[in-house]
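Order of writing sets the labels: A, B and C. Residues in every chain begin at 1.
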Amino acid sequence: MALNPDRLLPIEAEARAVARRLFAEVERLPIVSPHGHTEPEWYARNPAFPDPAALFVIPDHYIFRMLYSQGVPLEALGVPRVDGGPVETDGRRIWQLFAAHYRLFRGTPSRLWFEHALETVFGIEERLSPENADRLYDRIAGALGDEAMRPRALYDRFGIEAIATTDGALDDLAHHDAIRASGWHGRVVPTYRPDAVVDPDRPGFAAALDRLFDLTGEAETWEGYLAAHRTRRAYFKARGATATDHGHPTALTADLATPDAAALFDTVRAGTADAAARELFRAQMLTEMARMSRDDGLVMQIHPGSVRNHNALLFQRFGFDKGADIPSRTDYVHALRPLLSVVGNDPSVTVIVFTLDEAAYSRELAPLAGHYPALRLGPPWWFFDSAEGMRRFREATSETAGIYNTVGFNDDTRAFLSIPARHDVARRVDCAWLARLVSDGRLDEDEAHDMATDLAYRLARDAYRL
Amino acid sequence: MALNPDRLLPIEAEARAVARRLFAEVERLPIVSPHGHTEPEWYARNPAFPDPAALFVIPDHYIFRMLYSQGVPLEALGVPRVDGGPVETDGRRIWQLFAAHYRLFRGTPSRLWFEHALETVFGIEERLSPENADRLYDRIAGALGDEAMRPRALYDRFGIEAIATTDGALDDLAHHDAIRASGWHGRVVPTYRPDAVVDPDRPGFAAALDRLFDLTGEAETWEGYLAAHRTRRAYFKARGATATDHGHPTALTADLATPDAAALFDTVRAGTADAAARELFRAQMLTEMARMSRDDGLVMQIHPGSVRNHNALLFQRFGFDKGADIPSRTDYVHALRPLLSVVGNDPSVTVIVFTLDEAAYSRELAPLAGHYPALRLGPPWWFFDSAEGMRRFREATSETAGIYNTVGFNDDTRAFLSIPARHDVARRVDCAWLARLVSDGRLDEDEAHDMATDLAYRLARDAYRL
Amino acid sequence: MALNPDRLLPIEAEARAVARRLFAEVERLPIVSPHGHTEPEWYARNPAFPDPAALFVIPDHYIFRMLYSQGVPLEALGVPRVDGGPVETDGRRIWQLFAAHYRLFRGTPSRLWFEHALETVFGIEERLSPENADRLYDRIAGALGDEAMRPRALYDRFGIEAIATTDGALDDLAHHDAIRASGWHGRVVPTYRPDAVVDPDRPGFAAALDRLFDLTGEAETWEGYLAAHRTRRAYFKARGATATDHGHPTALTADLATPDAAALFDTVRAGTADAAARELFRAQMLTEMARMSRDDGLVMQIHPGSVRNHNALLFQRFGFDKGADIPSRTDYVHALRPLLSVVGNDPSVTVIVFTLDEAAYSRELAPLAGHYPALRLGPPWWFFDSAEGMRRFREATSETAGIYNTVGFNDDTRAFLSIPARHDVARRVDCAWLARLVSDGRLDEDEAHDMATDLAYRLARDAYRL
């Protein structure tokens, strides 16, 4: 049951041989992780990870959503309730439940990531099952106390060269300061994620705005609001940030005249904006952020198209990010036009767009990125951070946009142990794709080697200015 | 020209070998056919099938739509006219016309199904052509008189374990009663399909409602209407039904307050509802049906997204189901939310959703089914009940929803002889998919064997509670 | 670096062998090019092509859009400015810039087309690079003076049997007359492209209408306008045209009562039509054109779904067709219904529909074309005129529509040297697709041979009545 050394490479012998040669060159390249959700505190305080359930099940919405879909209550998996109500606290029982339903993950990326971590981090080459669940639990739990299993040691062991965290606009970045103050050699940079002070539909928006104005001392006007963002962006940049990130329901952008934007801000600030006005405010803010990126050089990331908290009951009981965020149809060609009219022709700006709507790959995103100097395509994301998802992305975008209008891979994860697994999958899938192009005569092999390194390492490093 | 024993299996030798081993285990598993359109009368009266044209051409909209698309009038193919006007009645001439255009079906599933039936039912290993058309016609016509060619014998020969028919809400299910009364061992169960008394846009809707209230003796109010459905569902359930089926233009659902629903019903009953109100009524009824499923345990199937009778001229002349139903863009993420708010978190409910819009597979349907306990994905349907359609379905849904949120295969056919052919295609395509996952290291082969049986047999049996 | 003789054929040995046999039969079939944008003047005057940059870079929006997307200004590539402002005029420097960025085209069809031309036309088997750029420039420039490099010689060398140009409705077709008058054996036919006198949103629309009425002497009424079209179509038909072509933002069609259409025309003519009325006018005109096709036998082509001139800055500076036309979501099932109600059931009419929205292939277009006798599917177009684009098209449409409701390949290019390259790619991809169907038992090889010739030659010739 050990990991197959040729996993995800082409089945055909000739193409597999090419893919092996390509992969051998990129397998051990450093990991650049320019977008993710690990905790800065891990690098600052270097704590031991808790038990196996807390490591692999409780925080991983890929895992618990699948079990939930088959009738396992989230309470039984230890997922904390908003009201503090009782949930399972015995890690071993959670782990056993996971093991009992392990077959659900057959053919999923979660399975690949989990087994990669089991084998490469814990040396476990058995498939999890109800029979061996206790034994594997003990083995992992036993290892977690080792110094070699702490975040800083794993950072080195995983070959990470730089990793970005995602941080709210109001965050003081104290952990980031602590990392730097510690003299540790790791490179952990924050990312400016201002959704909580940009999206009027977010719970707590008004209070977040209060705090933003407090923090920055700016006037509660449109101009003051923009200045406050500039101040916070500078604060982040001073702590190493190279990018911002924006999770919006849609990709809509707008470019209002200043008085109209100012008036819009006032209604939003007053809490009197209707749904259309709130959407327009988010749209305007994407363009404002693009303008600020042009000024301060931060790379801008836009993640649109997810209907958040689709399951009202679950949201009420468990809150955000519990696997009930569902993609929906997303327009880019009309939506991005206002923003692109402002910064799209400027090669010094980088706007990275992600999608959860694969129909947009070949129809809108590749044609846009294959034209506008400022636009780049983010890697396949979330449900598409998978072998088939990545293959379809390359096949649908490369003929129009090439690979040089894409930005390599990012793991986008809060599951620290899955970072090398995810990069491993991405490198294998890209090498498999390249090998097929070589084998059917569309590329020369020397080029494929160069491209494999671009995809595994250089594109991410360069696009994110790391 | 005999059927290739490796048809639809992977071309690569290694993957083909795995696929052969998988397929050998599932090839002869019993057929569970939980959704289809065969005639209950066939099992009740066990008549001989008529001539080859009446068997293969006249009732098969896959066949005659393709010929029509190339200029063959439906009259010449014997398709009956609504006005009783003259159409070809000579089966041999229809068959010759089919043979003359047989090349049109190259690369289509109709070709695979037809040749499977020719070879496995009639022992014919020649490709149909103008030259052999008469000879094959005679051979098939000659065989059709045999006892072994009657429905009950074929039921056994095909290895059918259970088969569902689709029956209008007003149907007395007399044939189903007759089947049971006959003591025959076959399991034929009805399915509750209430579209004619749910969809105000159906011709004859008002008369159908009259009949529903007549049949059940309920008051002509919203409450009475719901009670009438409950009565009819119980009637079906008592005759073996395990499921309902709902063919709607869209997947829209609604959950109105009772007074609003009652008022809506009144306008619909009065015939004064406008288009939006009629759509809202259909939407509300999906949620009502889901509630009833929660109460009575019938599995609910939703088939949205087809623009029925797109060709007005053809509809006027030939009526329903003549190959002019065209899929259109279908939203699920917003549309299903009201229904899912009511029953989505209940693992005891099963709602199976189908689609004709492949863009929804990875974007909406797999994420929804990979989260909501009540939701399952139906197999690729209609135009997608095909080798490529099935492959794309597995590749697009499995990484997010796994296979355990899908429900195996159903043949959805009124062409009795194509049932084993369709299951054969599905089993081959699934084994080919699994073999590729084994060959590139994503699955262990022992798991693939287990999954092959799940996909071929267990998932359908269990999801439909058969 | 010579072209791989097996390029684009399947990697698996068995399927590759089948594909080689298929391709050997179609590789040298004559080229029928029923839709394209070469200049009729080339065939009339038979001039030498200018320097390598003017041949390969300046007029090719696939090439310069990719370089622009990576920050190369269009001025530096010699793309002419609308205002006549300064741009690079030194072909060698443009060529060097192209060479310096050549890696951008890895994995794109532009690369395949360019290298096919280099090797088959100029005998160059080296990959372009900054190092050999000057040498290759000189070699190509030197060859361009040869008589064998002029359009008429290349027409013969490429094996072209017939080629269509695309011509505005007001064009006098003088070059076409000159070609005929010259006695040359080549077959170059015009195509009636009336967008400039049909689309009120086109710059210069009013003046174009003036000219149309001038040319034809018709009254400035709806009836006169339609009569003017009939006159111009007859003018084109008399000069060999067999088709019309319509590039519309959407596929919307309409079938208004005559008085409503006449009133609509009046507002359009007066310049007072709002956006909805202008869209309705385009919609009505598609149906009128279909009616005229029924009368005069010209094949009708509809190319919808591109948002033209997305980049306002670029449009202002460089005008039309500069790589900033971006596809968007396109509905066909509702949009085409009015037109299909008029001509859809008439097998004597041929309407060819193209798409830039792949989601429509299997969902709408294949089901429509697999039903309506008048409807055919155009080949994958523009961004989808590529190996992966063609493969996806066949896989998504053939099971429902077969190949006989498609129209073979057309190259749609203004890059004369890429014509054989594009047909070569199409023939290879189709043979690869057929070989896979043979190898996995879905087709017999004798049929595949027949289909390969259909796809490479007969379907285009017959559909376009050439």
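FYI, a residue touches a chain if its C-beta (ideal position, glycine included) is under 8 Å from a C-beta of that chain, and two chains touch if they have at least 3 such contacts.
By chain, UniProt protein names: A, B, C = Uronate isomerase.
Please read these numbers as outputs of a predicted model, since none were measured by experiment.
Chemist: Quick one: which chains contact chain A and chain B both?
Modeler: C
Chemist: Same or different: at the chain A/chain C interface, is the fraction of residue numbers used by both copies above or below half?
Modeler: Mostly different residues: under half of the interface numbers shared.
Chemist: Can you compute the centre-to-centre distance for chain A and chain C, using the mean CA position of each chain? Integer Å is fine.
Modeler: 40
Chemist: Multi-chain contacts only, two chains or more: what residues does chain A have there?
Modeler: In chain A, residues 10, 12, 359 touch at least two other chains, as defined above.
Chemist: For a test of understanding, state which residues of chain A touch chain B in their complex under the given definition.
Modeler: So the residues of chain A in touch with chain B come to 1, 3-4, 6-12, 65-66, 68-71, 103-109, 111-112, 127, 307, 310-314, 323-329, 356-359, 383-384, 386-389, 392.
Chemist: Considering only the defined contacts, which chain A positions touch chain C in the complex?
Modeler: 10, 12, 14-15, 331, 333-334, 337, 340-341, 344-345, 347, 359, 362-364, 366-373, 375, 395-396, 398-405, 436-437, 439-444, 447, 450-451
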